[in-house]
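First the structure, in the form of structure tokens, and then the observations on it.
So that you can tell them apart, the chains are marked A, B, C and D in the order they are listed, and the count of residues begins at 1 in each.
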Amino acid sequence: MVRIAVAGASGYAGGEVLRLLLGHPHAEIGALTADSNAGRTVGEVQPHLAPLAGRVFEKTTPEVLAGHDVVFLALPHGASAALAAELGPDVLVVDCGADFRLVDAGEWERFYGSAHAGTWPYGLPELPGGREALRGARRIAVPGCYPTAVSLALWPLYAAGLVEPEAVVVAASGTSGAGRALKPHLLGSEVMGSMTPYGVGGVHRHVPEIVQNLSAVAGERVSVSFTPVLAPMPRGILATCSARAKSGVTAQAVRGALEKVYGGEEFVRVLPEGRWPSTGAVVGSNAVQVQAAYDEAAGRVVVVSAIDNLTKGTAGGAVQSMNIALGLPEGLGLSTTGVAP
Amino acid sequence: MVRIAVAGASGYAGGEVLRLLLGHPHAEIGALTADSNAGRTVGEVQPHLAPLAGRVFEKTTPEVLAGHDVVFLALPHGASAALAAELGPDVLVVDCGADFRLVDAGEWERFYGSAHAGTWPYGLPELPGGREALRGARRIAVPGCYPTAVSLALWPLYAAGLVEPEAVVVAASGTSGAGRALKPHLLGSEVMGSMTPYGVGGVHRHVPEIVQNLSAVAGERVSVSFTPVLAPMPRGILATCSARAKSGVTAQAVRGALEKVYGGEEFVRVLPEGRWPSTGAVVGSNAVQVQAAYDEAAGRVVVVSAIDNLTKGTAGGAVQSMNIALGLPEGLGLSTTGVAP
Amino acid sequence: MVRIAVAGASGYAGGEVLRLLLGHPHAEIGALTADSNAGRTVGEVQPHLAPLAGRVFEKTTPEVLAGHDVVFLALPHGASAALAAELGPDVLVVDCGADFRLVDAGEWERFYGSAHAGTWPYGLPELPGGREALRGARRIAVPGCYPTAVSLALWPLYAAGLVEPEAVVVAASGTSGAGRALKPHLLGSEVMGSMTPYGVGGVHRHVPEIVQNLSAVAGERVSVSFTPVLAPMPRGILATCSARAKSGVTAQAVRGALEKVYGGEEFVRVLPEGRWPSTGAVVGSNAVQVQAAYDEAAGRVVVVSAIDNLTKGTAGGAVQSMNIALGLPEGLGLSTTGVAP
Amino acid sequence: MVRIAVAGASGYAGGEVLRLLLGHPHAEIGALTADSNAGRTVGEVQPHLAPLAGRVFEKTTPEVLAGHDVVFLALPHGASAALAAELGPDVLVVDCGADFRLVDAGEWERFYGSAHAGTWPYGLPELPGGREALRGARRIAVPGCYPTAVSLALWPLYAAGLVEPEAVVVAASGTSGAGRALKPHLLGSEVMGSMTPYGVGGVHRHVPEIVQNLSAVAGERVSVSFTPVLAPMPRGILATCSARAKSGVTAQAVRGALEKVYGGEEFVRVLPEGRWPSTGAVVGSNAVQVQAAYDEAAGRVVVVSAIDNLTKGTAGGAVQSMNIALGLPEGLGLSTTGVAP
């Protein structure tokens, strides 16, 4: 058994890590920590985690987190570096936050306004070289939810050289992506029946991460116009991505590029022709649905992906990466079966 | 391994049976049948069941269903008897429909307008004697979703002799309870942002089933005023149940009655005082949340229960009953962890 | 023109008052006040009120509210008495809060924990004598949203002597009924896809108000078991109400009792037989839909009503009452046309 | 008074026309026709239209529609031409369908697969020359809902010469945009909690209409990559539109381009800087919210617009156009106040 602590376990990301660990055959759930919810029971804050209902959140400290094989961090950005430094190099630290995702310190500082903490192996195994970077790792930076959905949709096109280095992405996310923060625009009364964009114009913090992922594959800087949209649903990201087609592209070539890289992937599925991803079909699962079209008149290739932002987009990706790092079967404790309708 | 067929696998109930069987360590999924969807792939109709995406629904016939250890029937009422008759006495037939739930032929005829097919062991193990009736059974009648939620809320009060034999129930259900039928009032445009009752005034077909369950425990006929309400959510039943308190009742006695019968139950949880059930906390799980209050001024005991109508209310109850009938651990393939938020 | 101020105009109730006043041919909108939102524009806080987008909320003080013909108060309970005292006896003060609804000081103190401020004419014109009490009034207590829905459903049965003095009510409300308070359980992520009760067991503050209304009609104390339920929709109340039938009751008598009192009402509509109220049909309107059934087997009469909690349940009832008090046509600025689907 | 008939009055578009006409001071509602709902009451099919509840839908025939000053057609495409031909040249025929929107017969045939019926004055007054084309018109083609949202977002950029002739649009629509058709993917159970694209890759029928509108302003063919997305809400379109910036573009120039053309418009509002459109704010209103950003790194201008697809996107645009054609004040019977939350 692998003994696992979760820091920030009272939030949505931490709760999803716990939900998955409860079904993971090798996981033994150890310390659960929180900030303002410390002292409350899991049952009060995360009533869906019935098997843990009587457990109590402790305050997040290095001492409480010590003595585990794996520590998941689901904390506000900026908090992970100091904690990780205290956990020892043999502990696998899986950071669901942003602190160690970016390679470029300047980009980090521009978007996050603080000093760059460093770069850890990136927890998106389906990227080229992604799986290898995670084997045996003891530090993992879990990707952002949007970068997961967008990178998986677009990188195969860049790998196959089918599109120009300028992508346009509009991605709708369920409200859990914004966490449990008490903000007026996240109230149910405001959210239900309404859609609204935010972070428009290239200012969302996931932009440099998406650019980093696509540029690495393309071998040149890919510019990305990214617009996130808050959607009236609790979970799910639907990323509608497009890029200008290079001359000579065909629909078959696009489909071939996706099938080539995802044919052997456990969690990414290129849908049969004519069917399009829906977030409802992947809720609660680690599955990624992908489909593409070549719009000849507009000269663009459109790829749409659907994920559960909390599962594949955060906690599922984290567990998948943990499995790889520990040498376990990659899909242990994860599923491609969604909870629908 | 247990070889299992599912008839009516393209509907919501059948789809949920499949979702659970995909996570059941002893289940080997055999024939999948449908009616109008025969010939289509699972992926087209149930896109969330990714591991079965390439499977094709066959037409529902006794021949296709033959040769399995267990056959789940998720069919319109009236269709089960003829099929079951052809399946042989050694096959475990688990009927998610209504045909074999009622003991009283007259009640059946009054509410269903057809001849009574008979009565099978009733798949609600948490009722007194319920588990015993299922051990070794080869025919099981899965309870209705509302009767599951309501009976589990109220029977302990009757068992403890705390309330009069007249209950009032208002139960809100997610839209999946109405199945995949193409009816105007089930369109998303109609359902979202709206609540509406139906089957008001004692005419809903689940009324005699609720009366049967509660009367059996009370030892006298319990009258039930039952109002189902269609709610703007895909899954979940919240049943608000009350009954006139007998004299001398106390809040402690009420709580004690619930804790006494549910203390050892795997799936039913009496919430800590002050917390109330929410359907969101049990989505996708076989869990039942229960809480009670004694309203002294109104002279009534109020018990509220929450279930997932498709899981504990249908497919989960079915799998739980199958496990008991086959001598497997009762909770195999089932979970008390909900998918939230 | 009637010059009108709205105190608490940045909340949901205050915003709905403004929405209606914008369509009221005699209303001239004067001061708009707020508490924590003072200094912000209407456009920032209430983006749907486009015609007022550039207006700025002032701090709620008697001075700012002075000089208007009508002042609507949409404030937390306890704040209205002091303000009203400063506004002068000729100003029509319409209090959307609870402070002046209850006649019985003891009940007030029991449920609100503070000293009773007094009793004002009650803004539910459809109650017996309700309209008369409002004519020429200069102080109006707008009913609670639940008491509006429940009283309109049940009082005709008591007026006709058809039912016993013990009612059971389960009422589902959209989230706007809880206001704009930043509470975790009101977040969209928590609310969507979930139903949960609250204030169970006779402790909700609307209980004494419902009892007061029904008892006044019945001529004896009516006990009420009341369970409010939070529903995944922004607006609407669906109240499922029942009471034990007296002997000799018939379905016709029930229907007759409703039609007799509502035949001439502009806003309350007894639906044709076989159709049931839906909250979606009354969104944004001042309409009340009512339908009843007599459940002979259970011995109960069931009446269901649907309103928009913010319109007829709060701001619409307030404007209707204002119209009566000022001698204007009762329906001015109000509508029975819902915004659907 | 203007005597008005509505053909196809039992659908969502027809119902919204009626909702608006009920609040239009010059409208006298005449014949209401339907197809499969002929013979049913308005109350049964459109329960929110309480003032018309007792009216009965007649079969759609030229005879029934004769004798009105205005006839609104809300019919499946292909049905309008024959009816209009019988209505006489002095009757104002306002077609909410697609039949007369496109100028290019080849484009019509490519996207609709039938012979081109012709081109009528286009009911989008905010386009250059749009208002003039409608004055005195007796035939009006109401724009599609997506083209309304997209054209209003992007045309000012083309008018100002700020962007290249290649736009990328992702637009999420509420389910009412798909009408009341009984299709499995429109069931509430499927729609709630899920987002899914459709008509991807340039095949949606609104593509040539958007191209037509933008190209007319740009003076050259604008290519448009358009992806519509079905969103879990009944109403609203959020259109996220972008186009490659020409060199020298600045954020001020973008804002200036929008403010210049919309400063005097009653229904289109450029939001203050920092605030973004939300569909919830415009529900039930004829308002259009617009906001823009210049993403220098990506080299694109992003404009987002929000409308109610049934109001400004269909019936509101139709009534607005009718008002202009008849010489009435353009905003009569319309509002910029949304129904929120």
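Heads up, the rule we're going with is that a residue touches a chain if its C-beta (ideal position, glycine included) is under 8 Å from a C-beta of that chain, and two chains touch if they have at least 3 such contacts.
These are the chains along with the protein names UniProt gives them: A, B, C, D = N-acetyl-gamma-glutamyl-phosphate reductase.
Values in this document were obtained by computation on a predicted structure and should not be read as measured data.
Asker: Count of steps on the shortest touching-chain route from chain A to chain C?
Answerer: 1
Asker: Hey, what chains does chain A share as contacts with chain D?
Answerer: Touching chain A as well as chain D, we find B, C.
Asker: Quick check on chain A against chain B: do more than half of the interface residue numbers occur in both copies, making it same, or fewer, making it different?
Answerer: Counting shared over all numbers used gives more than one half: same.
Asker: I'd like the Å distance between the centres of chain C and chain D, where a centre is the mean of that chain's Cα atoms.
Answerer: 35
Asker: Report, in whole Å, the distance between the mean C-alpha point of chain B and the mean C-alpha point of chain D.
Answerer: The computed centroid separation for chain B versus chain D comes out at 45 Å.
Asker: At least two other chains touched by the same residue of chain A: list those residues.
Answerer: Chain A, residues with two or more chain partners: 12, 174, 176, 187, 189-190, 192-193, 232-235, 278, 280-281, 283, 340-341.
Asker: Which part of chain D faces chain A closely enough to touch in the complex?
Answerer: Against chain A, chain D makes touches at 166, 168, 170, 172, 174, 187, 189-190, 192-198, 200-202, 207, 223-227, 229, 231-236, 238, 240, 242, 276-281, 283, 291, 293-300, 302, 304, 306, 340-341.
Asker: Of all residues in chain C, which touch chain D in the complex?
Answerer: Interface residues on chain C, with respect to chain D: 12, 15, 19, 22-23, 41, 43-44, 46-51, 53, 175-176, 192-193, 234-235, 269, 271-272, 275, 278, 280-285, 287, 289, 335-341.
Asker: Quick check: in the complex, which residue numbers of chain B touch chain D?
Answerer: 12, 174-176, 178, 180, 182-184, 186-193, 232-234
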